[in-house]
Each structure stands twice: as C-alpha cells, then as structure tokens.
Amino acid sequence: MSVKLDAADLNAFMAAQFPQVAAQFHVEHVSPMAAEVRLKVTDAHLRPGGTISGPSMFSLADLAMYAVTLAMIGPVALTVTTNCAIDFMRKPIAGRDLIGSARLHKLGRTLAVGDVLIRSEGSDDVVARASLTYAIPPAR
Amino acid sequence: MSVKLDAADLNAFMAAQFPQVAAQFHVEHVSPMAAEVRLKVTDAHLRPGGTISGPSMFSLADLAMYAVTLAMIGPVALTVTTNCAIDFMRKPIAGRDLIGSARLHKLGRTLAVGDVLIRSEGSDDVVARASLTYAIPPAR
Amino acid sequence: MSVKLDAADLNAFMAAQFPQVAAQFHVEHVSPMAAEVRLKVTDAHLRPGGTISGPSMFSLADLAMYAVTLAMIGPVALTVTTNCAIDFMRKPIAGRDLIGSARLHKLGRTLAVGDVLIRSEGSDDVVARASLTYAIPPAR
Amino acid sequence: MSVKLDAADLNAFMAAQFPQVAAQFHVEHVSPMAAEVRLKVTDAHLRPGGTISGPSMFSLADLAMYAVTLAMIGPVALTVTTNCAIDFMRKPIAGRDLIGSARLHKLGRTLAVGDVLIRSEGSDDVVARASLTYAIPPAR
C-alpha cells in the first residue's frame, strides 16, 4: 500500500481548497496509513489559563485524519467527518506547537476510521487523543 | 434548582474572558440545566461544498455546554472540557445561523455531563449532536 | 412516518433471532423514531458495589437503538452497530429494572444515528447516556 | 514506573471479585501502562451472521482497560468506567479468540484514560477500537 499524495501535495491541496485554515497547519510527514500534522500555535488558539482551546485541538485532529485519508485515496475534497470522540488529558507545554499523529485502522470504500494522538512538540506526553470516522463520497 | 447566571450575564462574562471567540456566539436563552446558544455563521465557518466546518460545530457544542454549566455553577472560568463525542449528520441549511441546545444530565461537584443538539435556525432537523464532559476545578 | 414493526413484533423477532439475549430484554413501547426497552436486571448484571455492569448498560443501549431502527426499517437482522459513545453517570437504584429510551436523529439509507437515555424504572435521573450509529445493509 | 500487579495477580483478583465474568477472560500479559487480555470466544458471544456481539467486544475493551489500570494502581475494586467510545470496524475471524491490547495515555489521581485495540488472535487487522476513562475512587 503506497501513498497517492505526499506531504508537499497535501499542503498544496489544502492551501488551494481552504487557504485561511490551511495557513494554521503544516503536514510534516506522510507514510502508508499514517500522517503527522503541525498546528502552528498562535495567541488566537489560547484560552484563559494559557491552555490551547478545545476547538483548536479538534481542528488539528480533524485535519490530521483528513491528511492521512487523502494521502491514501487522493484529492477528494468532499470527504467529510461523520464522527469524532476526543479526550483532553493534559495542558500543552506553553510556547510550543502541537503535533497530531494520525493513523488509519480501516480504509474502506465509503468509510475511513482512525486515531490521532496530539502532543506538544518534543514531548512524549499525550495532550489529547481522538478517534474519527470520515465518509468518502461514492463517486471517486 | 435555579440559574446563577442568566443569558445576559453569560454573554458579558464570555466577552470579558475571550472576546474574539465570544463575538461569534450569542447565548440566547438559559433555564435550569439547559441553554441555547447561537453561532453567527460567516464565510469563515464555511468549507468546500458550502457546509459549516466541523471545528465550528464543535466550538458551538463546546460553548453551549460551557454556557449551561456556568449558568448553574456561576462564573468559573477554568472549567475545561475533558471529553466530547460528536456526530455530524446533515448539511446545515445555507445562509442560516446554527442553534445549539444544551442540557445537563449530571452536575456533580467535579464533573458536568450533558448533550447538545445543533440545528439550523428555524429547522427541526438535527445537523449534529454532541455529548460532553466538563471538569469543574475543586476550589469554587 | 409510521412504524413498520410494533413492540410485539420486535419482541417476537428478537426472540427468534437471538433467544438468550432477547430473554433479558423487553421492548416496552415503540413510536415513530423512538423506542423504550427494559433490561430485566438479575444478579448476573451486577458488579462489586451493587452497581449494574457497564456491559449490561451497553447492551441495553445497543438493543434500544436496534429496536427503534428496526421499528422504522423492518426486520433487517444484519443491521450492525458501527460506533457507540457512552457515559456512565450515576449508580442505578438497587432492585429496579433499567429502562432505555432511544430516539433516532437520522435515518438514512445506509446509516441510522440516535441517542439512548438509561434510567432506573420510575426515576428521572439519567444513569447512563449513549449515542450510537448503526449501519444498514444495502440490500433491503 | 513499574506494575503493582502482574498478569497472574490480575487473573486471581478478578476471579475472586466477579467469577462468572472473569471466567470468560484471561489477562495474557502486563507491562508498564499496557496490558493484553483474551476473550475466550464461545457460542454465547456470537450474533446472527457469525460475528461477535458488540457487548462482548465492549466487555473485552472494558476489562482490558480495567486490567491495565489495576496493574498500575493495585487492587482497587471500585474503580469504574465513566466513559467509552468504541468503533466496530471489521468482522472478526471465525473460530478465533479476540485479543484486546490496552495502553494508558494518562494515569492521574482520579482518572485513567486509555485506548484498546481489539484483534482476532494471530491477525493484524483491527476489529474494534475503544477509548475509555476510568474513575479511581479517592480513598486509596
């Protein structure tokens, strides 16, 4: 099983599809059934107490899953999230970007199911974990 | 059981705590163990295909749960989401705001657990549903 | 929208399909997009501390969702659960059956999505809540 | 970080606490923050179509998470599941036991959060995955 889009392809595709969103993220690395995506943390992502907002972490999980799915199936823009369960576990380390590591457990014709672990860059501690399901449109 | 903060209190509190975020939302109505929050949909919330982005809906679910929790316990800013499961079911109706209706099922000393149903304004169809757990800091 | 199977039909269908499981449950009531199912609690469902086991509550949620889905689509035995998120909130009341109240939020061609609230019989307090997705096989 | 209970300790503890349940499972292996548990599949776990029932897989996920948590904190019987999100992805291989591989992402004073991957014995394909939160009682 090989990837149809590499990290550079994915960054270019997302910049073309939704430029404002894509500017906050960077696909770092892609391999079969796995991807690593960076959230470039800015003040806009912070909440009282200095933590990174839940929606920012959800966005990272969602984008990492989107990246690994598209890496495997190619540029299908209308692929959509149908379900996400996310646990927020630790406060991220201040002043660091977040790295989301996604892996696919299942890639079917109509559904992709995977997990994302989110950590502060350079740390082993899991800040949040998410499981997501993506629906793949039939006409590909 | 009565509310400690009404809709006007919550809107003022959130505008003071995180102004950029709060500007996108409006607490419409609060009653014991329930709250209704509006997402003022703009182009920034849209994704290819004209749908509202998953992170925007997650934000609405999160804020509606935050609103109902604070309505019941008072202004505890450091209350944080520990868990969320969200299902995205239908495309929202174009050009309409989203309304998130939250109700609490449990309000304990340290945890609040509730559900949020998200609909396009004026429609009965559920666009997304979420269940969330909030951790309440001990020192209140 | 009307039901294709009523409570008596569902009890008969489940008794025929998986008799050992069905004997623990009873479909109490069915209406469009909603169903109520009883778990007949016995010692086999209890855990240390006198609570009802998590798997027993999961089973009730799963069966209530199965009941409401089949009520709407008819007797499609191979309908399967693809996803469940469940929160356990309170200890059930000792010596009482559990009632699971399911409602469907979406009934598509291939997926059904719904919620189940579980309470001790005669009580308003929610013991557990679950959201579930069922996959409906194409050939119906 | 070392384990307080090994696989033999856990099997003995569970057989003493809830013998009927424990007889269906076997803790195979324990290491820091990880455990592997077998579900001894019998006809009682099967559903129409030859698949293993959702509740059986939920039970395995729950028990594997319980095993890894107790391995780390010692024999605290009243530790309870507060939340589980589970995805069912593939039909298990007929005639084989299921193996649940649990790992903890967070072990706090009051909460443990982890993941479980379920596979048919001898296969790499993930049949189901679950994330669970356990509440640890304060008086330990």
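Read from first to last, the chains carry the letters A, B, C and D; within each, the first residue is number 1.
We adopt the following convention: a contact is a pair of C-beta atoms (placed from the backbone, for glycine too) under 8 Å apart; a residue touches a chain by one contact, two chains touch by 3 or more.
Values in this document were obtained by computation on a predicted structure and should not be read as measured data.
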Chain pair, A-C or B-C, that carries the greater number of C-beta contacts: B-C
Type of chain C:chain D copy interface by residue overlap (half), same or different: same
Separation of mean Cα positions, chain D and chain C [Å, integer]: 23
Whole-Å separation of chain centres (CA-atom averages), chain A against chain C: 34
Approximate Å spacing (C-alpha centroids) for the pair chain B, chain C: 28
Chain B residues counted as touching two or more neighbouring chains: 82-83, 85, 87, 89, 133
Chain D partner contacts - residues on chain A that touch it in the complex: 85, 87, 89-90, 105-106, 113, 115, 117, 126, 129, 131, 133
Chain D residues within the chain B interface of the complex: 82-83, 85, 110-111, 133
In the complex with chain D, residue positions of chain C that touch it: 17-18, 20-21, 44, 47-49, 51, 53-55, 58-59, 62, 77-78, 80-89
